[in-house]
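Two complexes follow with subunit A in common, the first pairing it with subunit B and the second with subunit C.
Entry: the complex of A and B
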């Protein structure tokens, strides 16, 4: 921009070909784009027509189902069951505060390390309409909509406040990063305190709230156990690397359902406690093996010279690990770690299968079991799928965003 | 570690020596691990530990039998479990094949020059990758239960295919006496003959390919092998008087009979696994192709290959090197994810195991059996895929 020739004589500036193409009128460009991307040849045209037919049929089918065929009353009538199930009603405000807390964190995180794009606003708007539609249907739950919109407001407020702070490194920026990072690390225990410090017991976590608790427990617990496991597997000390390898391979040998079977029948004798806590332990232990494998890949990808250089400047092994190796390895392994996080998010549905725990899918099963809605199981499961999809999709978008942000400055 | 250390002025204190520190660390580590194991060992009730309960009569029935016939009275729990293993293997095999086909098609479509096609492929991937497999399986099952007609109003395609809420029925080859009224095991003889002819055809193909490489004269190896196999198959079929007949399904009352019946449970499991895994394989295929230098594509265009030739002769063979390891991982996931059969009550190994545990207790033993079975199947999948991987990498010059 700076060396833009200011004293260019008036008239046509010749640009490189691709820029030159971009200067032609929109209608010409649009026509060319359509021709190149949709009707390049006879075969290509046929393909386009076939795809258009498929897409059209899909669209008609979806619209017909959503607006004409489906009976969404199963969702609106059972919204509390699906959302929080057995969570005590008089403690419901804790859920709203917890939701506000989560939205606050999202706003702070975006404001500190990223920025809302047009698609993010669209996503928020669509999910807002979705939630308000479900809540407003039937009329009595106006307040839930208000709470939800308030939480969204908190998110935007937090975002607006943090996004103001300039990104240049400085004491304020460092403080901001420390505070938000600290809040993120402390968020899980804080959220649990918000939910459970009153009359509700851990056993009453139910419905979608249970998914929302189980997944972070699995992810955070998986990282806390998985990072030492990955380091241990790469260790030169044989007993440590062997046992870590054995742990990882044995855990990955059986499906999560198998380990939940252990939680139900075997762990009772070993650690006891509430079933839901045992399920959380199993989720963390299970995720740890996969997290460790993701991080191990990153550790192997680091050049050996990093460790040797750290040694050469006189760092101890622990210091080298903490200051040189792990920061790099963790950054490389962000995509697979988020992949694992999405996997564990989807896997929280599994606690319903053999454990008597009812998360969102399990409560959808209870809704179907009601006499009135016996024929509406497709609607119920599609609702569950959409809810899980939205969260998983958001996670994968954040992951792409982080990858891009981290990739720019460092390579 | 410090073999060539120069003579040191003063000996390093023991506590600062790396060898001693490693030794001490491992000692402490082993002690803690052993204590943890001991604690688990003590807290478990192992007085009745043993596997003899697997030999007792089952006392329950399993559905989803195919080519086997077991009942809960005479057959042991172990037999029932093996029937479950067989059910799992069937589902995993079908799902692996279908998801690979689907994944390759969608992955290639994702990179299509045709905007609409690539958007459709992306839509598919984003939908099925980001929803729980469990929900996909129960959704397909729900579509069968609620969306399909009752068997009285079955969808009938030319008396060959039937579709209803009892599942899909289709024609299937079965042994028959044939023209000469031979015993049914002659169908097996025919299969052996087919295998032999196939082996001969492969040998001829290999020799012709060798000749083509040496002389440069096109030998049409594939076509020749195919012709030989087809002629051999037809002739042997006629000589044996038709040892295999196609058995078309029929409807008896409210049930399918004859033919091959795919029940809704199996269909839901396989379709769910296929869609879910297919979306992951599509992403792997896309990444594998994108990792190739653009020049490969351009060179293929320059020497005048068609789009299809470019894909099958130039792009996919090279991309396979990167694709196969990741796809192997997905296949291992299919194996483990097949345990979700439990949600639609398909009697796979995991479900049968839980039923056994329900009847007889012995949760710990059953868990050992489960995990070892999954590991064995995973091991077999890895061995086969490593074989393919080795074949693919051999081509690298």
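Entry: the complex of A and C
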């Protein structure tokens, strides 16, 4: 390194190579890229060709299966079973209204704090085609796809209207944030009211709808219990911190599977009530322990000076927590919290394995058990996997978006 | 141990502080961290409008002392009385004292998730229950005072160190304190930003604020301070006017320290 200056005559500026290349026409650059990255040498060329052959065969195999070999009738015939199972047919409109409500919220939220990008539109389009294909296939459920498209329309309308409001701070913007924020906070109870205020009982939540109810209850309940737990664990009062630590360590000491057994047998004797409600309680209680640990990590990562500055300004302990500490701690813990949320989303399938409850995967098993579809196990599981993946993917995209939107004042 | 040479015969500053009362009284203050004694029988009074600069080697207890004055640390023995309110376990006293004492930290400690305006309006709104518009107006006045009204809507991370420290000063001032504590306010700054912060502090001193400043900026100490106080190993070793300090310090430890720093 010491002899570098001698090799460079003074005054001569050497452009980094990519700056020169960037000015050449696209076709030249493309050829260059292909040569460099795909065919750099004889060995590299051979590897590229081999990889292309394997990938090509794989792709052909998948396409062949999806469009020719597979019998997707197992899905289309059983679509109601998979979607809502034992949910009363005459209450079905509540599901559509509930779906519309969720889509409305998504539109409002993106319109208020974020924006739809090209990838979001693509995701909506692809999943839209997927859903409409399944619903409309065979022509018996045309109305379902109309409802679905209506919900998508509501989402875009809500988005278009809210995105129009300028982002600069002002009374209208504040009102907008309060209304949408309030709706978001109230959304879970509201959605449950929409689904269950009629003739359907909580016991009749079934199929995919059950996954869609269980996971949010677990996630929201987990946060509601987990945030005070994290604060309590960090408390200087020993009785409080020991109690919270004990809760967290005991809950984490057994897998969710074990706790679901507790819900099935022990809780039945102790509190009784609907099995589904017990399962919800267990999921919230279980998730809370992990959420609490994520948040505690963030609390510890905050510099001590933040507490001190808050006190020096005259804020009380509670005010400091609410206004200074928690907003920062929650922002830091978004990634682990979303990780936890995705885990609980996938773990909703455990309800089928341990408890006599039927969620999407459980109902797929019932579909396979039908004589007509005995050979279509793979189709059913691929479908279930794709649906689970799509929701998990959406969750991680939304979390990235939240991180970016909140990252404004990051250190 | 402690000498008071120069305090009573400080003719030059006598006029300005002629009828000032003691606003801070600290008597025989001890502070222990486990079995380490960080403050050893510190007695020190500060009069209204007085500017006291605390000097001393690192680890001598300067921060600990001024942090005891707004209860970021609890003293273990002795008495601390701020504006006639004794610092004890009474929460009402504590809140009353905290709202009279502003503090500026070495690391600024701005709230990174709030805008500059949000940082400054927080205290007035939440502690003083001031309406938002009024708090914002007050915040703008203080931002103008520290010379950066145009940064109001930025976030702390978007500002230079000097600007952040000036926001921190504005944040403390917005609570309209009677006393300002500064704990090495320029030590974390790049050299070219030190002056802008010292200028703000100088202006504040001229306006009659009571200030205790821990700093290694000898120029500031010489020009602005009414009194210098030297700490070593948790004890108040010597105090007096800047003139006394820089021209004929009495204690060996003071001489040694000044010879190292000047």
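To be clear about the criterion, the second predicted complex is superposed on the first by the 377 of 411 C-alpha atoms of A that agree within 3 Å, B and C clash if a C-alpha of one lies under 4 Å from a C-alpha of the other, contacts with A are read in each partner's own complex, and residues count from 1 in each chain.
In this text, a contact is a pair of C-beta atoms (placed from the backbone, for glycine too) under 8 Å apart; a residue touches a chain by one contact, two chains touch by 3 or more.
The structure displayed is predicted, hence computed values, not measured ones.
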| item | value |
| --- | --- |
| Partner chain(s) touched by A:57 [first = subunit B, second = subunit C, both, neither] | neither |
| Partner chain(s) touched by A:186 [first = subunit B, second = subunit C, both, neither] | neither |
| A:47 touches, of subunit B and subunit C: first, second, both or neither? | first |
| Touched partner set for A:250, first subunit B, second subunit C, both or neither | first |
| Comparing the two partners subunit B and subunit C, which touches a greater set of residues in subunit A | B |
| First, second, both or neither for A:315, with subunit B first and subunit C second | second |
| Partner chain in contact with A:392 - subunit B first, subunit C second, else both or neither | first |
| Contacts on subunit A seen with subunit B and repeated with subunit C across the two complexes | none |
| Interface residues, subunit B side, partner subunit A - complex | 22, 25-26, 29-30, 33, 39-40, 43-45, 112-117, 120, 126-127, 129-136, 138-139, 142-143, 145-147, 336-337, 339-340, 342-343, 350, 354, 357, 363-364, 367, 370-371, 374-375, 378 |
| Residues of subunit C that touch subunit A when the two form their complex | 70-72, 95, 98-99, 101-103, 105, 107, 109-115, 122-123, 126-127, 155-157, 168, 171-172, 175 |
| For the subunit A and subunit B complex, residues of the former touching the latter | 36-38, 40, 44, 47-48, 51-52, 54-55, 236-240, 243, 250, 253-258, 261-262, 265-266, 269-270, 342, 346-347, 349-350, 352-354, 361, 375, 377-378, 381-382, 384-385, 388-389, 392-393, 396 |
| For the subunit A and subunit C complex, residues of the former touching the latter | 303, 305-306, 308-316, 319, 323-324, 327-328, 331, 408-411 |
